[in-house]
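The structure under discussion is supplied below as structure tokens; questions concerning it will follow.
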Amino acid sequence: MSETPLIADLGAPENAPLSDAKIGVVTFPGTLDDRDAARAVRLAGATPVPLWHADTDPAALRGVDAVVIPGGFSYGDYLRAGAIARFAPLMAKIVDAANSIDKLPVLGICNGFQILTEAHLLPGSMVKNDHLKFICRDQTLRVENNHTAWTNEYREGQEITIVLKNQDGQYVADEKTLDALEAEGRVAFRYVGWNPNGSRRGIAGITNTAGNVVGLMPHPEHAVEPGFGPLDANGTYSTDGLGFFASVLSTLVGESK
Amino acid sequence: MTTAQKFNIDTVEHAAGTPDVELPWAELGLKQNEFEEILKLLNRRPTAAELAMYSVMWSEHCSYKSSKVHLRQFGEKLTDEMKKDMMVGIGENAGVTDLGDGWAVTFKVESHNHPSFVEPYQGAATGIGGIVRDIISMGARPVAVMDPLRFGAIDHPDTARLVHGIVSGIGGYGNSLGLPNIGGEVVFDPIYQANPLVNALAVGVLRHEDLRLANASGVGNRVVLFGARTGGDGIGGASVLASESFDDTKPSKRPAVQVGDPFAEKVLIECCLELFKHSLVEGIQDLGAAGISCATSELASNGEGGMRVELTNVLLRDPTLTPGEILMSESQERMMAVVTPEHVAEFEKVMEKWNVEFSWLGEVTDSGRLVITWDGETIVDVDPRTVAHEGPVYNRPFKRPEWLDGVQADTFRTSAAGKALPESGDELKAAVLELMASPNMCDKSWVTKQYDHYVGGNTALASPDDAGVIRVDEETGLGVAISTDANGRYAYLDPYTGAQLALAESYRNVATSGAVPMAVTDCLNFGSPEDPEVMWQFAEAVRGLADACQTLGIPVTGGNVSLYNQTGTTAIHPTPVVGVLGKFDDVARRTPSGWQQNADGQAIYLLGTTRDELDGSEFANLRGHLGGLPPKLDLEAEKTLGAILINASRDGMIDSAHDLSEGGLAAALSEMVLRFGVGARVALDDLCARDGVDAFTALFSESQARAVVAVPRSEEVRFNDMAAARQFPVVRLGVVDVLATSLEVQGLFDLPIAELREAHEGTLPKYFG
Amino acid sequence: MPRIVVDVMPKPEILDPQGKAIVGALPRLGFTAFSSVRQGKRFELTVDGEVTEEILEQARNAASTMLSNPVIEDVVNVEVLAEDAEAE
Amino acid sequence: MPRIVVDVMPKPEILDPQGKAIVGALPRLGFTAFSSVRQGKRFELTVDGEVTEEILEQARNAASTMLSNPVIEDVVNVEVLAEDAEAE
């Protein structure tokens, strides 16, 4: 078995209602936010399950109910962000499961989003920020679509503050694709106030047609614990990121009913 | 033909038979007496490979030959109290301090000054890479980095190149490793023009049982090199070794600079942590300066005393490298470990899982000799201690500079710059704005927003707070705080006191965040040790630092010395960068450095005494003056202040706190307002009356052992009682006013936050885009 | 040893932030002749032995599947590097 | 409009982490023919009007002073792009 080393305590809090929901967290070489994503899953009351990029076992997905592809610099972001990771054996399984009738919920955060576009699970791509620098800031987003597997616990139009940190975060796609995304309501999140990287139409995140695959550049897993994340407009700690994980749990509960 | 013959290799046998061969020892930086010492040690001439090893290991950088006699004080002045929590002290890759609950922390600061001047991006990037490997080699998981930086004048034509390159290099490497950057320094001063200082600090945490040291013990244990392949990095200057026979005329091409591969290092970190978790290595050492020469000789001499290595087993990036060059190469992202034979298979499995290249080089012996072969023929046969630890030690002459009396006599108040000082409200307001927009006091977020400070999810405070705070244990909230500080101007005016003031400030910053100071690391950046005046500055700074550590009761656990930071005969200001680490039982108790949104009506107090101390200050610097004596040091007052801040935060008596340092009260109040955009109304009258100073002095003096705090109304009595019990001066300045949109200094000026922010935040973008 | 060059450029309709920054900076250094700049990538793939048509085909496939992302980039060139270029 | 191509490669003796990562990944996709990969940059500078020798000289200067970092990179090529290449 390929265990991801040193993801801290992986158990959900005891007696959590959904602690038997298993959410996979993928580690590639160069992944950075896997431990944070696992923590967020745990704080949301589910059980994080480490998944290993190179796992070729037929059961490599280890029976998880959803998958998070966390942020970082897989393969150093060399060549293009996500370009090499996309070819990992595990990715083929994730793509199949996401496209299957079971519609495995998949969330790609930052580098995870980049990997999902390289894997063609989501349209468009990311290029360097328009200012060409890495940027780390507390970022406000508007939830444009609250019907996806990962956003149903938000209100439509709700503004949330989570962390943005990236170098290649400028979302680009051709006009036709952008128009289609808008028309189909597949823009899931938009930057509010300031567009931090020059993304087309202020797009911070998108969803696939079925709503089970969502990718975004900012990091919900860094806004789940008071005292350790971004500050909202009132200067208080934001835990707005928890909604992503609560949403997927609702989705799973809904399905099992 | 053997490989040795093919390469025309200089073997031990060959050396013994050819005593008269001319060796390029001078080109390799050795002095005549040092070369003679080598001849004596070996009782024959060294082989080319041995010469390579001795020359790099006996360099200033690796042997500390000029600084050693002074650095000893850090050990000699240790008291039992200071040793209490120190698990590993000076001498290992980094010091280790016990945090309790089975946790320990390791941290160290190092310089990468010169490489960063030559190639700013890669120089700074590999600076982070190097210090992080020191932390890994202790058995720890690195958890954060910091970057104290110093540049030339902000408007010098070369400064933008350095700022852009160095900042993106630190970010590019550190961000890719997943290490939050939690603090540092950005200072501009023409004295650093062609000598920017790029210091890098890393901190790591470990469970006690994971502690690893750099020693090769256990006869028969295997020695392995893993990570990146070995290339010609860092041996450019030693290209005389391109031909081991010293007669070849064609110099081979060697890289002028090293390029870092942060991805390779990230994989190396995870791979090492997996090795530690399964206890697969006995000893481990990172490869930094002097590469394999350093790793083999240190591991061997710290362990059983002997090692045998076959050098052709080293995986090469450049097949033209000669044995001497392989021994000297400083290629990044490599580690060396000692593994028992029974763990070899498991070790290899971990390497394969992480796709890390490795090669078995040899084994530990009890021969007392480090024997290196090349295709079976012996090319090195030395006592490893003579390479690693028994290098030359110099008692370099030092002499107090004659110019110093003149400089110290030239005080700010008696100088032309000290005339026509701001007095009226409008003048003082303008001066505050000028100060807060000045290169050293302005907002540094142009730099820090290029750094990830969230990754890991354990960052409880980061820049611009006084200290960076990292949670170590998620269950209990156990954590650490770190601050790094130095003031080159103070140290120039008086190196003994200047070094102590750096420690005092760092200590104060850590205490202000609410943590209990525990340990010290230092990076001593100075000019040439061959200049007796510089050597005097160095000796004084070390003496000062060691004395002050003793008084404060916290040990130096590791550090680094960077000499020769000078252009021609002009040395940089002596710049002892001091990092202090403190402990929190629960980081939830940390104190942020600004008024908070929910703090309306909280009382603002100033702790400490304000004197007329403007010499060496930021205000004097704005007026182009540097002379007089630095502010008075009072370590007992620092201790008391620290105790008050720590206890008050633990008992919920203060909600925000900010220490006073460069820029004095004016800077502290401005920064507290700007932190969360919350206004305040203060008055200086009581302070001025009590301390006998005018408003200008109250605002801009840099007297030490002071801090501003915000106390909830309900806690005022308790807070005052506590300060009184410790006989520490406090004065109430005013109140936090959430509705106010300004910093109002009653009777003098009302400074809108928006105006202050614009001045404060505009400076770096103006120069650097 | 022979090398195959693969050149990849951003698609014309995709904004190229690096090219834009360069074209803005050139005039400040006195280089005024250029109205636009685009920055792409050049890969040099070393082949041990002879470059057969099959190997060239591998290079073309690698160029379109991995070395470029067709959403934002075009492969503009795949060719064997002239022998003399190797000398330098 | 005519374009000048500037090709910049990491110096051969300098580590190229990107090339290293690519050469490690290629075999996993079945591209086994390549023993090493180096990744450099390709710039296309557009000229309004004719490419004179003076403009080409500007391009060469820009290549060595701004488009490359001479400490770690070599300019391997500065040339006018053949007209037909513009079509695509």
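Chains: A, B, C and D, in written order; residue numbering restarts at 1 for each.
Just so we're on the same page, contacts are C-beta pairs under 8 Å (C-beta built on N, C-alpha and C of every residue); 3 or more make two chains touch, one makes a residue touch a chain.
Nothing here was measured: the structure is a model prediction, and the numbers come from that model.
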item	value
Selected interface, A-C versus A-D, where C-beta contact pairs are more numerous	A-C
Centroid spacing, where centroids are CA-atom means, of chain C and chain D in whole angstrom	6
Separation of chain B from chain C, taking each centre as the mean of its C-alpha atoms, in whole Å	41
Intercentroid distance (Cα basis), chain D paired with chain A, Å	35
Mean-CA-position distance for chain C and chain A (Å)	32
In chain C, residues with contacts to at least two other chains	66-67
Chain A residues counted as touching two or more neighbouring chains	75-76, 78-79, 84, 87
Two or more partner chains touched - positions in chain B	261-264, 355
Each pair of chains that touches, named by its two labels	A-B, A-C, A-D, B-D, C-D
Chain D residues touching chain A - in the complex, by the definition given at the top	17-18, 21-22, 25, 28-29, 39
Residues of chain A that touch chain D when the two form their complex	75-76, 78-79, 84, 87
Residues on chain B engaged by chain A in the complex (per definition of touch)	141, 168, 171-172, 175-178, 261-264, 266-267, 270, 273-274, 277, 353-355, 448-460, 471, 474, 587-588, 596-598, 676-678
Complex contacts: residues of chain A adjacent to chain C	79-80, 83-84, 87, 117-118, 123-125, 127-132, 170, 172-174, 198
Chain D-touching residues of chain C, taken from the complex the two chains share	1, 4, 7-9, 19, 22, 25-26, 29, 31-48, 54-55, 58-59, 61-62, 65-67, 74, 76, 85, 88
